[in-house]
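Shared chain: chain A. Partners: chain B in the first complex, chain C in the second.
And then the complex of A and B:
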């Protein structure tokens, strides 16, 4: 194959890569620096609200994997009392269908993402472990009330509300990497 | 004196970095020239078709995410179209437009991945891929904002989509769409005139027009061979008849054409996106659909132009909550049958880049 002027294409490509040598990095030093995740993040593990749950097992029927196990008995006020609420998060695919199905907002997706365990038994969560705690915060997936209270997601394409709601700027986490791409 | 040689059988894969997953090729070589090729698939088989028959229509949507995991949104799209055809559901206008925005951004992202890894196979180790990942990263952030996940979106629902767009989505998406042509120009500057790329791909491993049609290839592989066939134009599903765009067509069907068609399609997708965002109406995002859908007895085939070709879902209903038969027509399995015809007579290095130029996704082939 013959070219009229050999080397022009490579020179053009090199000019581009050379240009990129001078731009600020957009990567984040992960364990030290963390980005805010989406308000609707379907993060690891579920958050279960004991007071809201009526034991109707709609979530268990909605689960594609059949992961949620609920055992109830009839209580004094003719209501269901939940004896057992277990989720095998090792088989969970975080599709969020259980959360969407719940008619009483008793279930929410979690926001955490660093939930690796050393033993397989540890990923099966019972009803005490599933309740809200410091490490288990609910996300706004299919829960608009929770969504409105959560911090805004860090985007590489960012919308700045201060500048009239239209002006957009690049994500700047620290002063060093202001220019972005 | 002629040297007596024997054909040599080389086993490539399944764990080979260039096979885009777990794909095995039994290649018979004469020196460095390929004389025969036998593809072996099935290493990623999960029985999704059979699993689908045990689940309700809504529960199948997360399974479709796991088919072509580079473009999950279009898998959702094709499946919900098939169910809506089966049950006769009409979906709101706003949901139609949101689906188009998602499908077209997914097409750009998938084509960027395809071109990036094609060049990776060519020997441009990771540099073009990282240029293209920069754009894909921004898009994944936007997907995360809308549906909460970055890879397995599970966003489309029967009768619409699961959530409305958040308020900060549209300005960010407009910015992404406005900048995309500049970035595609950047890739063009980096790649399209590069002498090494041209020498390695121009006229290499040609797929003739007749062969492409006879093996029922679709998508960029078919269009690179000069056949103007795009389901968005040929059988306008959803609301594609409202948009003004062109179907880029290659001339000879070599590896360069398959690269070129993808880059041009990304530009056309930007055009569709600009129109879709401008026309996006207000309103509901999901129609009223019963939680346990029982479609009437019958069958339906819903197909879309996925980034990799024609993706179809064939459903048979027996009026129960789960489909009686759930069949997937993956585009890349059918495009992959062209591989043997293309590579015989070429070198091993050309086999690798030709495999990359088909843009396969093993999740969808083995399913």
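And then the complex of A and C:
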């Protein structure tokens, strides 16, 4: 006589869920805790490097939507001087073709993903707004040199005592959890 | 003499008779209502947090310390919502249904003993009152399903009636075992009769009663009448605003009421060392509720035919046999030491569960699961 039935399966299942009570939750409490995104993320918005750009407009030609508007004039040293470089990120689908097309690495995808705006006009970015700043960092998409400097992606927030995490409380974790990977 | 009667007697010396009779009653009702509503709010929070921990999540933890105010925010949101009655629905019955679901739940608490004297009405047929009153909410759910003029609601209503009627029988038969052993139907005397909790005397009766009540309060894995994946929200699909809140309150109030009844009948009620009686009752109630949440976190929902088969082929015959065993023990072995009866009943419970599980094998037991 096998004791496979008789409620053994239910008991096994109940024991399994009971064990889950003592595991650390996998929830990422988003605004306070953020995971490191992929190093090659095609995040919202582009990052434009003023000194590298020659004004060749290859990016504008590569864009399937025609979102990039670039106006130049000829400068003193027989070069292009960029007068206007505007990207309508409202219509942008973040395909990354402009970044791949740029011959001088003057354009990169952004790493940020919290760039919602209140006005439609605010998503059209001009020359000054597109340059690198604290909140606008370039991602490693099609830019291996940038990628090598970025932190690796993680998929979980780990509880790690050595990195300043605190003890597991019964119902929740403390907000000061350490981060692994 | 209960606390309420003492209050009435004391007030009778000061106030006219009719006021001294009515005012303590109203005070008692308000105390019980406050207790139920506050407990339900705490229970909603507790269930969501505990369910989260069972599923390796956190659960609501934003509003207030550990998210304790989340149910209040939910309640506020629900109260502000528009009240919608379906165009072709029966408006009067649609209005009446939430009340009929909620009020019996509240009435059950009248006979729950929170302490030796802390009981609203010490009826000598207390447990019969509980059985009678708690069945009324099935009518309310049926009315809700019927008046909504919605196919899902109607399916849920029909399922409810089938489920409630089926599971009433094993529950009542399991209660009879307790009544036989306690020798009384009064809730206070059932509690005082438990020198050892009846769960030790009647393990099988406890299992039957527990599963039966979980089915009666329509909680997972018996939550067929609001099965989200099949019939969306079941009987309260057409309800919103305050009326939906009444159903929600009634559902959790039902769970609270039955947790109280299970604690009273099988776990020794308010009895316990050191701590005050009300604390002991609440500890037992929370423990029972935790097990219910644990079941919800683990077990998948039964099919309708499985539900019916479990009631009529599983619980009912076992409850009848359990009743016969208890009756024989009470009648033939009244003077024997309790531990022999305990051992006998555990053996009977094991044998019966193994025998009856044969009925629920696939393909007559030929198919390995």
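Operating definition for what follows: the second predicted complex is superposed on the first by the 131 of 181 C-alpha atoms of A that agree within 3 Å, B and C clash if a C-alpha of one lies under 4 Å from a C-alpha of the other, contacts with A are read in each partner's own complex, and residues count from 1 in each chain.
We take it that a contact is a pair of C-beta atoms (placed from the backbone, for glycine too) under 8 Å apart; a residue touches a chain by one contact, two chains touch by 3 or more.
The structure displayed is predicted, hence computed values, not measured ones.
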Contact-wise, after the overlay, does A:139 reach chain B, chain C, both or neither (first, second, both, neither)?
first
Kindly classify A:21 by the partners it touches after superposition: chain B alone (first), chain C alone (second), both, or neither?
second
With both complexes overlaid on chain A, does A:10 touch chain B (first), chain C (second), both or neither?
both
Going by the contact rule set out at the top, does A:109 touch chain B (first), chain C (second), both, or neither?
first
Check the residue A:89 against both partner chains and state whether it touches chain B (first), chain C (second), both, or neither.
neither
Applying the document's definition of touch, where does A:155 land relative to chain B and chain C: first, second, both, or neither?
first
Go through the superposed model and pick first if A:44 touches only chain B, second if only chain C, both, or neither.
neither
Decide which partner touches more residues of chain A, taking chain B and chain C as the two options.
B
Who does A:67 touch here: chain B (first), chain C (second), both, or neither?
neither
For chain A, which residues belong to both interfaces, chain B and chain C?
6-7, 9-10, 13, 16-17, 26
Chain A residues within the chain B interface of the complex
1, 3, 6-10, 12-13, 15-17, 26, 37-42, 62-64, 93-97, 100-101, 109, 139, 141-142, 152-153, 155-159, 165-166, 168, 181
In the complex of these two chains, what residues of chain C are touching chain A?
49, 52-59, 61, 66, 294-295, 297-299, 353-354, 357, 360-361, 368-369
Within their complex, state which residues of chain B touch chain A.
55, 58-63, 127, 134, 137-138, 141-142, 144-149, 152, 154, 162-163, 166, 168, 171-173, 175-176, 186, 189-199, 202-203, 291
Complex contact set, residues of chain A against chain C
4-7, 9-10, 13-14, 16-18, 20-21, 23-27, 29, 170-173
